[in-house]
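Okay, so chain A shows up in both of these, paired with chain B first and chain C after.
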Partner chain A sequence: MFNAKVKSEVLKGIIDVTSPLVNEVKLNISPKGISLRAVDPAHVAMVDLAVKDKAFEEYKATDMELGIDMDKFGGIMRLSSSGDMVSLEYDEETNRLIVKIGNLVRKMGLIDTAGMPDPKMPNLSLPAKIVLKASEISQGVRASEAVSDHLALTVSKDNFELSAEGDTDTVNLKLPKDLLVELNATSKSRSLFSIDYFSNMIKPVKGEDPITIQIGNDNPIKVEFDIAEKKGHVTYLLAPRIESE
Partner chain B sequence: MTYDILKPNASDALKFIEKYHKSKADKTLLLLIGDCMIDYRGRARSFLDWGERVIMIKQDGAVLVHQPIMREPVNWQPTGSKTDFSVKDEQLILRSRHKSPPEKMKITFRSLQLVTATSLRDKAKLIIAGMETDVVNEIINNPDVIEGGLRISKREKHVKSGMIDLFGYDQNHVPVVIEVKRSIANISAVHQLRMYVNDVKKDVDEANVRGILCAPRVPDMVKKLLSDYGLEWQEVERRVVLPDDYQKTLKEFALQQ
Partner chain C sequence: MLQNTKFYSNNQEKLLPITKQESTSLCALCRGTKFLCGKSRCPVIVKYHSRDKVKSLIDTVRIGGSSPPSVFIGRIGYPKVSIGPMIPPIMGDTSIIDTPELWLNKSIDDIVDFRSMLIRGKHTVDVYNVESSNKIVEYTRELALAKNSVFTDAIFSKKPRGSIAFYDDAQPHGPSAPIRKFDISNPKYEQHIEKAFYDTDLKSKDAIFNLYNDGVRISKIQRAFSVGAFGVKKLRRFVPTRWSITAVDSNIGENLMKNTKTYPWINEFRVYYHNQFDNRWAVLMTPSEWQYELIEAWYPNTTWNPYGSSISIFNSYEFYKGRTTYAEIGGCYYAARLAVNEVLNKERRQAGAVILREAHPGYIMPIGVWNVRESVRKALKEPYRKFDTLNQALVFVSEKMDIPLQRWIRNSAILKNQLYQKRLEDF
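Up next is the complex of A and B:
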């Protein structure tokens, strides 16, 4: 059983976080909330998302799985305006999710979850950690997009640095410790990432909201932030690009 | 998500395409297999009579029509083409238009075996190694792979009978002609090198010009012929050249643990 009522922003947030990586997800429903974990088809990035029952206005559920086509679900949610209350109900007989927005009733066919994988979160030791406001980093990422298809992130004892190098142009963003919410590193860590993936990972976080980043040397990056008014949490992993020589 | 429909009639095929393809054509790859006729007007005019073919509409609008044999598509439309479908006289009709240069293709299906709609993600770029230019670049960067003291002075030097891959001088200032082959050296490469060497001899008015054939492998028969003509050879390893940085996958890290 799954029966819930929630503000459309919460559902849109889930879609923004998930749809750049995967077209289809297996949503795990439990009495305490919903969660999902998915890896993109190229196995470069992983998203892990959990939204507590408290994020919903009403929530009643037993343990179950819903297979959702994110493009389709995104299309349905675009019918809603911000502030709209959306009700979700699983119809077992027809295997559909009944989505109600105001007087609109939209029944969405679900995907068979039988063949969908349960990716495991790799166990990484990432020595450097920073917490910063979304606005501080998003400008640097946007600038890098115009210059290259990959960027380097470096965390040292006193600052965080983002840099991108193209054939003729370069971008550099250096944030000293006092501009960051938190910096925790004893030595220098540097890894290279695809801008395409990375920019999608920080895009859902806006303005003053904090993003937690953990990196190592030529290791995946871990990006974490809260959604749904802190009643939901997102963890991304992104594999690095490797420089040879 | 992949959807398909087997042996649909024209109107069912149209319904299927409208449901799965038309709503988001830029995200859907559509594959049609059927008996069709193709009329093309654009840079030229072509007409292809009835026959069973595979038609693919890629996510960027490109249309490819393949006959059951041969590598190349028999008809195609470039990236950015717009495709529309309709039904007339119980036949499915595909019209693809491209603005500049103006090109129009009309495909009429009198029967369909399969229609598939899917959405594919692929961000990888093709990396090709083992091109002749890779070997040439390697020799330019490190002439010592041929012999110590060799200096390369020109790449792609024109002579009467063609173009020399690499031209240079050895440590005794003797002109050296280098011909590079990407795979096994054959007899015709020997004749090519011999002609180049003769051309250079005339051009520089120098009786002593060396010719070296470079290839990953030079068979004994070719070596024998080269010796007969007073030419040399060098077997050069072909290295797979990877780009200076490339994308790792999470799998590699998961396995480390």
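Up next is the complex of A and C:
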């Protein structure tokens, strides 16, 4: 059973976080909330998301799985305006999700979850950790998009650095410790990442909201932030690029 | 001189003799003597000989012959374009002249030879006027839908002029003239195409893919598409031949690609190889999600690098999510993408594909995008070599190709991605 009522922003937030990486997801429903974990088709990035029951206005559920086509669900949610209350109900007989927006009733067919994998979170030890405001980093990422397809992230004892190098142009963004919310590193860590992926991972976070980043040397990056008014949490993993000789 | 009697024979192979393809080494020999342009043969002479053969046959304002069938829709002046039949001054079964799927065992000379016999009739019409009661419009459409060669009798307002015309996407054709009047014997329609033609609610993209799945040759689908034979009735229009080729390639490829993305990955690295018209084709397939790139290296003095002194390399690519803009390198990108997806769909497997093309100096003139589609199809029919690692596969590629591996990698987005982007399971 799944029966819930929620502000449209919460659902739109989930779609923004998930749909750049995967089209089809298995949504795990439990009495305590919903969660999902999925890897993109290239096996380069993972999204792990959990939204507590408290994030919903009304929430009643037993343990179950919903197979959702995110493109389709995104299309339905675009019918709602911000502030709208959306009600979700699982119709067991027809295996459909009944979405109600105001007086609109939209029944969405679900995907079979039988063949969908349960990806494991790799066990990583990432020695460097920073917390910063979204606005501090997004400018640097946008600048990098214009010069290259990958960027380097470096965390050292007293600063965080983002840099990108093209054939003729370069970008560098250096943030000293006092501009960061938190910096925790004993030595220097540096890894390269695809700008496409990385930019999608920080895009859902706006303005002053904090992003937590953990990196190592030529290791995946972990990007974390809260959604749904802090009643939900997102963890991204992104595999690095290895430097060409 | 053309041996006219031969054309009454039903034997296509005899009609268009197979000659051995020349190789680059011959070209090197020539270059030392008098072919200072660097091409292995002088294209002017190739054209001259072709023209010479048909010249006497077309020195008239009235031409009767067996249209393969073939039509040509021009692009200049769009949306007012020149449409009309293409007629060789010969009789019998001429279908091979407009069936590029059958040309791989011909030499470039042969192709130029028989294509230059096609006299193009021109009649200016608005592209939306597909329903015109004008007989020229009507008969042009009937030709495009016909199954077999159709006897065609045309009266031009002046004698056909010009030599052979080349395009980057479309196949070459011979002299042309404004057409005043023409008549055709009763054509028999290709039945699948006829059905799509009369279905005025069927979207053209669905018509194209249905016909492809029914086994109709791409050149036939494309020909009918160019005369506006498919689609919702009020949207039907003439489509310039060169656009119609890429539209059909791209459409079928996209449909197949949707399936490709749902299949399990191949288990090994594969390299397919084929040499056609002094073009070397290497197709690398990787055990990964769908991603695709075509990289073309044009040697100096080849078709698309006539004045350069060094090799020019161009590429276009897409990752899993596909691309939203037209490929930089043009129609060949879509033609090759179709061929790759065709074989993956047949195997029900997914893979990444990088196609490397070296156009060597023996490739002296553009013969159309069909060459890309059919050459890649041919390469993919050859037995492939299996490898456990990308490096082993790339070493094999570099043995087959002249251009050093590092240069290919430098010019390739997909190879860089394969080499440098790690996956989560690597940790």
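Here are some notes:
Quick note on the criterion: the second predicted complex is superposed on the first by the 244 of 245 C-alpha atoms of A that agree within 3 Å, B and C clash if a C-alpha of one lies under 4 Å from a C-alpha of the other, contacts with A are read in each partner's own complex, and residues count from 1 in each chain.
Assume a contact is a pair of C-beta atoms (placed from the backbone, for glycine too) under 8 Å apart; a residue touches a chain by one contact, two chains touch by 3 or more.
As the structure is a computational prediction, the values presented were derived from the model and not from experiment.
Considered on the superposed chain A, chain B and chain C are sterically incompatible, since they clash. By the touch criterion stated above, A:Glu89 is placed in contact with neither chain B nor chain C. Contact with neither chain B nor chain C is seen for A:Asp53 once the two complexes are overlaid on the shared chain. Of the two partners chain B and chain C, more residues of chain A are touched by B. Of the two partner chains, chain B is the only one that A:Asp69 touches; chain C does not reach it. Legend: residue contacts after superposition of the two complexes on their common chain; A:Ile111 is shown touching chain B, with no touch to chain C. When the two complexes are overlaid on their common chain A, residue A:Val44 makes contact with chain B and with chain C alike.
When the two complexes are laid over each other on chain A, chain A has residues 39, 41-46, 122, 124, 194, 219-220, 237, 239-244 in contact with both chain B and chain C. Here chain B touches chain A in the complex through residues 1, 24, 27, 119, 121-124, 242, 244-254, 256-257, going by the rule given at the top. Chain A contributes residues 39, 41-46, 119, 122, 124, 149, 194, 219-220, 237, 239-244 to its touches with chain C in the complex. Across the complex, chain A is touched by residues 261, 288-291, 319-320, 413, 416, 419-427 of chain C.
Residue ranges of chain A in contact with chain B, taken from their complex: 23-24, 39-46, 69, 71, 111, 120, 122-124, 150, 192, 194, 196, 219-220, 237, 239-245.
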